[in-house]
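All remarks here apply to the structure that follows.
Residue numbering begins at 1 within each chain, and the chains themselves are lettered A, B, C, D and E in the order written.
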Amino acid sequence: YSKEAMKGNNVYQESITIGILPDVDSIPFIIAQEKGYFQEEGLRVTLEQFKSAVDRDSALQSGSLDGAVSDILAAAFAKDNGFPMVITSMTNGSYKLLVNQNENIDDIQGLSGRDVAISKNTVIEYVTDKIMMEGGLTPDDIHKVIVPKIPIRLEMLQKGKVVAATLPEPLATVAIKEGAKLLNSSDHLDINPGVFIFTAKAVEEKSGAIQAMYRAYNKAVEFLAKESPENYMDMLIEKGGFPETVKGAITLPQYTKAAVPSEEEVHDVIAWLYKRQLIKNSYDYEELVNDQFVR
Amino acid sequence: MTGKKKIVQYVHGMVVLFVLWYGISALAELPVIPSPLAVMSNLVQIFYGKMMVHGFYSLWRIFAGVFLSTVFGMPIGLCMGYFERWDRILSPIVYLIYPIPKIALLPMIMLLFGLGDLSKIVIMILIIIFQVIVAIRDGVKSIPKEAYDPLYSLGAGYMDIFKEIIIPASLPKLLTSLRIAMATAISVLFFTETFGTQYGMGYFIMDAWMRVNYLEMYSGIVVLSIIGLALFIAIDILEERLCRWHCSRR
Amino acid sequence: MIETRDLTVVYKSRNSCYTALDKITMAILEGETCALIGPSGCGKSTLLKVLAGIIREFEGQVAIKNQPVMPKRHRIGFIPQNYGLLDWKNVYQNVTLGLRIKDGKKKIDRNDIAHILDLLGLKGLEERYPNELSGGQQQRAALARAFLLKPDLLLMDEPFSALDAITREEIQDVFLYVWKKNPVSTILVTHHVEEAVYLGKKIVILSDSPGRILKILDNPLFGENDLRNKEDYFQMCLELRKIIKEDWSK
Amino acid sequence: MTGKKKIVQYVHGMVVLFVLWYGISALAELPVIPSPLAVMSNLVQIFYGKMMVHGFYSLWRIFAGVFLSTVFGMPIGLCMGYFERWDRILSPIVYLIYPIPKIALLPMIMLLFGLGDLSKIVIMILIIIFQVIVAIRDGVKSIPKEAYDPLYSLGAGYMDIFKEIIIPASLPKLLTSLRIAMATAISVLFFTETFGTQYGMGYFIMDAWMRVNYLEMYSGIVVLSIIGLALFIAIDILEERLCRWHCSRR
Amino acid sequence: MIETRDLTVVYKSRNSCYTALDKITMAILEGETCALIGPSGCGKSTLLKVLAGIIREFEGQVAIKNQPVMPKRHRIGFIPQNYGLLDWKNVYQNVTLGLRIKDGKKKIDRNDIAHILDLLGLKGLEERYPNELSGGQQQRAALARAFLLKPDLLLMDEPFSALDAITREEIQDVFLYVWKKNPVSTILVTHHVEEAVYLGKKIVILSDSPGRILKILDNPLFGENDLRNKEDYFQMCLELRKIIKEDWSK
């Protein structure tokens, strides 16, 4: 019915509100909004910008948002505490473990017993743990320093107050640009805990709109694939809240058309959470993921 | 004090701060602490084009927050100060709610008031109002009891007692509480303006921070601090006007 | 008529009680003046505060015109020992306080006020705040407030104590002039024997603390013209002084 | 007021709050606002095992922050209140720094003071100290100038003037500022205890929030609010002890 | 010796000036008592405040023992018109204030204090706060403070105004007793002609405001035994009264 809507002189039939963060996962949404893809689908999308994940989660849980760019951990936490949320697709993000430029460390083993800045019980810690295990350490072998605010974590890393830090994009690029060394990243490990979640209520009441949203999302992914970054970087910097310095330096992830996360991915995260007693129950893939929109 | 003298003072204060800041920034040599000169030149560049609109949004939220907190908080504080009963009943409630970090109530407030200006102002009020209540209550309690005697013997009603004694006598404390409320309102912007809006100094600073643009961030801080200074001076002037009996003491 | 029957007042401080007045029984007729004499600390001010409705915890009965003390219903002009001026109001506002509260702002008669202020030598001081006045000027402002109110009951606690001998006599005559125009039941506390004889139709002598009534004298001289220069007056004063000396040294 | 009566009041206040909370949670029926019953039962379960240690960490940080803020802020506030010169020079600086959202200075503070307790306490002090300074300064300014006369005529030095006049006379306002400082300290925990530590009520609440565990989050809030209540009561008791002259007014 | 030469004091309020004292030139010898008489508002208190070092802005010269007024160097006992008791100190603390400041805590002689308190009829009131005292008791506490200090210069502003006739005479004799043990230069303001004659070796009469010196009388009767019952005393009082009446009505 998207064609009709277009003919009908931009009479929006459905509207949804989604929360985004200034991270690379949100880029397709910004593109879709700015390029008018949502509008083409007859959809009015309000993108609410958040500066921290808790704010975003609170808004989602209190019903102020229909959906949000988030991660599997947040979805599992919500589920575990009685919030009916559904993962509808994965998003493409990137998390990087970086080492201060003056440290003589070039593999994971070198971090043994050293300070690594992370945020606790988040996707950052999850990715860090994964990287440790891949490199032959256990998560307890490093000393985790909790610094939840990302810019501060960046600063601590740059100034050598910690040896290493796990940062999401685009701030990871800023760090690399200023000399920090990349040790490993989620792309490299081929893990991607970023997902898009909707409230159960939105899934029920706005399924048409959600489908339309994903059509627009896919258009944005196409756009990202064919267009060279110079053409939209300025817009991203302005609308997405990205640092000026990433221009020309950042390598965006390979955006994929909307698809559900793999069963293994979800299972891994749930196992990690459950093992650390962060959730009371272990959830099956089907309990968390709804693939009806991106089939 | 004449206006001119005041201005000299404030300029003096600013200069002192600048020199201090310059010293720290020169010692640290870090982008986290940019030099005040760089910040000022950046500020001048972006002020009209980029920042002013944020400033106005914040000003209106500050006004709304402080105004409403005073409108609700003042009568409660005055009554708690004057009527033993009110104090007995309300102070446990105030003492219990006051120390709660109101930001932790964000989910609840979002649920009740949405993401818009309303919930921002509600948070602000929740944070400020208790300071206002406690300061005014304590101010009223410190009025010597003899001050009421003339009005008691005239059989004055509560309205008269409030109008003739309690409000004028606690006016200086009222202004103190206004000062504290306002400064708090300004620093609270930083938490309330980070969601559901793209305007406001809080948003501006946070946004600059997330972009690791410390120059802009500090420009925002400077503007916020100047807004604060202006409001403080306004209160000082108000005090001179309203409390002439107070100033006229030898 | 003002009546007290077995009036006893006990002050309770942290961990002790202090009996200030002990079974005071007295009556003052409508339109009569009564001078209250007693040694320092015997409870004179306490008695006045009870009649003014300021102290409400007492034993015994107190009645004004056969009703319990009700400052709301009665029109009580009360001059406390410390004058009871409000620091935050200038002389004009202080002086009209009673009128404003009892009759509302509109009924204020500016001529009347100017007249009384003139009589009391306060002309030109209307804009001053109490802390810019001399002690005697403050006292006269308190008197102006009470006189202007045209009360049913006038209670004055050492109302002329801060005035020099000459001004004092003038102001005493102002009181008599006001009183004659509008004879109001009056109780005045005084330490001057002469003042008691000059202004009191009835003279009540209290004992040392706790205050008890020692004697109630009727003063036949009250109201006579040019009393101060009469031989009777001196005699009466001497006599009174003798009574006091004997009674208080017991 | 007796201790027993007080306890009854506080219990009363808690009950009122609980009923209110229950009402809201029942209406909302969302886990964002859990029912107080669920929270209490959760609190009882996790208190000893999980929460107490966080409480102690926070208590010590509150104490350190409030103590140091008072130690540094009080003398500055007292001097600014008493010496015109200090006020002239320092108030522009205070007015400029006070409204800055100190959290925005976090990067700078962490660089200067590291990730440990020191930088947490420094932020706390930066937030609280200005409230203390402004409240005390205004309190000192409201001491009537006549109060100093006896000491001036004795040729008392500044130390004596502070000891005999300024500190006792502004003690009630000092305690007000302590109340406000403390409540602020508690709510600031929420920002300071989220980095570089895994202990403290701020960490506990934030962690629970991130894990969307509203039950634990509200348990934490309840504990924080009870800590606050306890500290407030402590200040009230202190006031009764220290300001006996103040309480003993009729 | 106390000397003033062309002493002029001008009060500056917001937008006007008021000349309170106009070219006062007088001298009081070492160990002499001087009674100051003047109409209400003529500047007596102002003069005392200048000598006590409280008012420091004046024209002309003032010298105590050939030095400018230096409360730090001299030992000045000053009783202001409003007694100058500190509300937050009990009677004992108020009474020993001067001693504590001038000599330090250690040199306080408890017997001496008890003796003076007894003479002034304050025994048993040591623990009371000023607002729990009657007006006369407050005044006596202020007297006790000044007497205990054993000053070089005693300045008393209407020190007996709140005392009843009998107590007044007793306390006047207490003053003479203290003065005779330790003859200190004294200036006392009084409104009682009798008091001036009884206590003043020198009697200074001021004019209506702005205060100028009208006459300086030497009082030959001062210090005679049983003066109050002597015929001379009455004559002198009458004479003085006549002078005053004539001069002030000019």
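Following the convention adopted for this analysis, contacts are C-beta pairs under 8 Å (C-beta built on N, C-alpha and C of every residue); 3 or more make two chains touch, one makes a residue touch a chain.
Small disclaimer: the values here were computed from a predicted structure and weren't measured.
Fewest steps needed to get from chain A to chain C, stepping only to touching chains, is 2. Look at the CA centroids: the one farthest from the centroid of chain E belongs to A. In this assembly, A is the chain whose CA centroid lies farthest from the centroid of chain C. A straight line joining the Cα centres of chain C and chain E is 27 Å long. If you average the Cα atoms of chain C and of chain D, the two centres end up 49 Å apart.
Mean C-alpha positions place chain A and chain E at a centre distance of 84 Å.
Between the CA-based centres of chain A and chain B the separation comes to 37 Å, rounded to the whole angstrom. Counting partners per residue, chain B has 30, 32, 107-108, 111, 144, 146, 209, 244, 246, 248-250 as the residues that reach two or more other chains. Residue positions 54, 58, 61-63, 151, 155, 159 of chain A are each in touch with at least two other chains.
Multi-chain contact residues, meaning those touching two or more other chains, occur in chain E at positions 13, 82, 87, 131-132. Interface residues of chain D facing chain E in the complex, by the touch rule stated above, are 146-147, 149-157, 160, 164-165, 168-169, 171, 243-246, 248-250. Within the complex formed with chain B, the residues of chain D that make contact are 9-10, 12-14, 16-17, 24, 28, 30, 32-33, 88-93, 95-105, 107-108, 111-112, 127, 130-131, 134-135, 138-139, 141-142, 144-146, 172-173, 175-176, 179-180, 182-183, 186-190, 202, 205, 209, 214, 217, 220-221, 224-229, 231-233, 246, 249-250.
By the touch criterion stated above, chain E contacts chain D in their complex at residues 49, 52-54, 70-74, 76, 78, 80, 82, 84, 86-90, 97-98, 101-102, 129, 131-132, 145, 149, 155. Against chain B, in their complex, chain A makes its touches with residues 22, 48-52, 54-56, 58-59, 61-64, 150-151, 154-155, 159, 171, 174, 237, 241-245.
Residues 30-32, 106-107, 110-111, 114-115, 194-198, 206-207, 209-215 of chain D are the ones that touch chain A when the two sit in their complex.
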